[in-house]
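Chain nomenclature is as follows: A, B, C, D and E, assigned in order of appearance, with residue numbering initiated at 1 for each chain independently.
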């Protein structure tokens, strides 16, 4: 790691990456990504289809290991998967829900796995799913699944929350809801990283904007 | 069926529904939908999350049977699943691709199942996937999968093409591409039915707008 | 028919390009043979065809029946993943062709595995030696015919079974239990034919069993092709 | 431990709801019993416990080993669907707990299948008759203990391999192929214990086998819990 | 890449040893019971020994990989696995050919034979798993796990089988025909030399295969990253 940027834990960073390379199969997806995200910041991640946004989020959630380079998430080395997993939550594109658990059960399961308590019915009401609480996730519509995943991210409120395409599949009310809930998360001090194709919508929540292109990350516009 | 609207085959309709009800599990999703879509028309289908848009498209593609009511698709009764399937193509939200076939193989398979010939490499180039032709669908990004599904719909060019959320997961270039390809399809005389949450984008291709709410279909704005 | 072939070609491509399915299935059949051999024979070696024949027949056909079941299960599980099944059912043409396609896709790897499993099993269980010790030649042609008919029957039955279970709602959980007995005649006929062939070569009894097996194969395929649309329809 | 229980409770809830694991497991166990039953009963039929006991034991335990493999595979395939596995692995806490949770989730349906398979197998192979004919009562309690220990061992090993094969092509066949060699000591011990119990009731030899089996179970669980994180980590 | 002296020396030494063994065995006296067939022992036993050695290697290198996470160990584990598979196969085929004239049958369900056949499946599974995973890191990790478990269970298998025989006396053929050993102590030195040569052969093959794999990997890495300068030099 260059210049020992992690020396001081007081100067807290949510994410620090130093020249991270990542190869998947025969493709090199990330070609030297360096990034510092101070704790509490919201970052919008842009990039064309296939640029590697999802891959970067999976890397930050310790789901993938960098081929080369180093990184820290909230002070934990990326290779220390257990530490990292304690601090993050990734809301994946497809929701990552159990198709055969009901909406309420899905939320309760996530809470119990985090040893957290939370108001499941309240969270469902918040995202407009009170009527579908007892319906299996398999039978929810695409947008309803997204809402459920959003409710989960909001309930868990991990210090670093990674969000993959939160606005896709949602109606206008749903998009406003995403902004509202994510803003609340930031208000609670969570750092956010949002991969999206709707810069205007995401930047309301996460003003700092980064663009991934050719495996490299570049700052975009005024942070 | 009211007023025997299907009497004259010359006065061609792509879709005719008469008071269609549909129940799934314990939910009643459609509560008396009546609809006439003349052949060659483009229809944008709007509605909140969970309104039943996907369900309506599945019904039209003979994937579900109406609980009550009748309907015809390009002159075939909805209950005559074989006739209907001959005439339609549904592009589902999740693409419906084989994860372990490559992009090119997925397209070739669809063509052969329809006993059609087509330019697979050309189609892939068109949607910007020429570099990923030999990559398995499993390893494509969300947007790339959408592009692949779009290429398939464009290659098949069925008389009635049903499109579920074509703009989700795509970058700006991808969205423009969807409009371009779908417009080409309409130019070839295909009827289109697009379920989307981006009315502005969809209406460019399919100006007639319908809104599904409370299980009922209503005409919106100027057709 | 074109559709059936397209589906089969697709399945074979998925299986063949990676060649994993083939290898894994062969492995699987091999290990079943080994485990059964060890579990059943308990170290007793026998030169008597009357003792080795049932063991060999039982072990070989257990291995092949399981391989068929695994293959069929895989054939549909693969469609299920990522919602491809609904897409497959939406293609034009009769749904019966899809069943035939799946069956054709399951068969070739299975036949290949059978071509290895049967001789290996006969050698490992000493059946081939028992036969030659009795002064007879192994009836290879007849065994091959039995194997082909048997594998076809198993594949037809398990593929149908797979098509029923893939889309199952909890309500219909009884259906597979009802479909299971379909397997009984096929098992009975193949096992008996193999045992008789090993014990005494070709005989009218063998002919009867093989005729029965042929009838079963045809019957299952026709019935399954007819019932498949009802089983998968939305 | 809390996590393990949470995962197990979730799996059991899903299993109770869809019942597909139970069905698939029972299907495979059924095929093995059916084929072997026909094959072996056709030959030398015997009422002698010394002949029927090894056959019954071998058939039953092969069937259960397979059923365990199928059950474990389902347990992970179910996570895989809809990308829930990656999500599961991203929860905080040690990954070893997830292994234990999965194991606890796999066990109850398996025990249920075993509770049906063992008596059925004993009757089918004439072992129960042979025993009662010899004027003894079937040692049900001891058989139940053997079954429980055996199923635990099978489940422990196959669940571990299930986590490895879940992401791979051809996983249905691959899992049993990988897990069976490891299971051989357990199969051996259960077969011997069952055989001895059928032949002559409880004896010090049986105790030895059951002790061995317990050691195998514990060893496998501990080893698997330790290696599991390395097997699944991103 | 520069020529590797150690590999060359190892190769030469093992070849020399094998040549001497060949000479000795051809000149050794015929056995009372087996005739010239007894010479098969000088191949059969070292082959079996080598496959055990290779198996141990796979487990050990796998463990080292998990601890140190150096790709070097993974390559060695793979090389060891391939060698093991090869020589297990050789043991079985050779053994079966030997068994036919001596026991009158190719195969018996003897404990040792079954264990050997099972280790074939274990090795095969190990290599199969490797061929199924594309991502090198994951491949290394998962196969290390499979290799370790496999290696640990070979002695367990073996002991269980011994135990079984010990507890339950069955009159089955025993591989170690004591008669032959007592009758012909003259074979012992040749056998020992043969075992030593095969051991050398193992290390030679291991180095060779490991180096080859390292080169392949380095080339692939170069092609993929397209940045020649930055590539770590793969260690053989």
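Basically, a residue touches a chain if its C-beta (ideal position, glycine included) is under 8 Å from a C-beta of that chain, and two chains touch if they have at least 3 such contacts.
Protein identities per chain, from UniProt: A, B = ABC transporter ATP-binding protein; C, D = Cytochrome C biogenesis protein CcmB; E = Heme exporter protein C.
None of these values were measured; they are calculated from a predicted model.
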*asked:* Which chains sit in contact with both members of the pair subunit B and subunit E (Heme exporter protein C)?
replied: A, C
_Contacts common to subunit A and subunit E (Heme exporter protein C) (chain labels)_ = D
*Select, from B-C and C-E, the pair of chains that is joined by more C-beta pairs in contact.*
B-C
*Determine the centre-to-centre distance between subunit A and subunit B, using the mean Cα coordinates as centres, and give it in whole Å.*
31
*At what distance in angstrom does the C-alpha mean of subunit E (Heme exporter protein C) lie from that of subunit C?*
35
*asked:* I'd like the Å distance between the centres of subunit C and subunit D, where a centre is the mean of that chain's Cα atoms.
replied: 23
*Gap in Å, rounded to a whole number, between the CA centres of subunit D and subunit A*: 39
*Listing for subunit A: what residues touch at least two other chains?*
24-25, 27, 65, 94
*subunit D: which residues touch two or more other chains?*
17-18, 81, 168-170, 174, 177, 180-181, 184, 188, 233
_At least two partner chains per residue is the criterion; list those residues in subunit E (Heme exporter protein C)._
118, 121, 125, 128, 132
*Where do chains touch, given as pairs?*
A-B, A-D, A-E, B-C, C-D, C-E, D-E
*asked:* Taking the touch rule as given, give the residues of subunit E (Heme exporter protein C) at its contact with subunit A in the complex, in rising order.
replied: 134-135, 137, 224-226
*In the complex with subunit E (Heme exporter protein C), residue positions of subunit D that touch it*: 160, 164-165, 168-170, 174, 177-178, 180-182, 184-185, 188-189, 192, 205, 208, 212, 216, 223, 227, 230-231, 233
*Which part of subunit D faces subunit A closely enough to touch in the complex?*
2-3, 6-7, 10, 13-14, 17-18, 78, 81-84, 86-87, 89-94, 233-234
*subunit D touches which residues of subunit E (Heme exporter protein C) in the complex?*
66, 118-119, 121-122, 125, 128-129, 132-133, 141-142, 144-146, 148-150, 152-153, 156-157, 160-161, 163-164, 167-168
*Any idea which subunit A residues touch subunit D in the complex?*
58, 61-65, 81-82, 85-86, 88-90, 92, 94-101, 105, 109-110, 112-115, 136-137
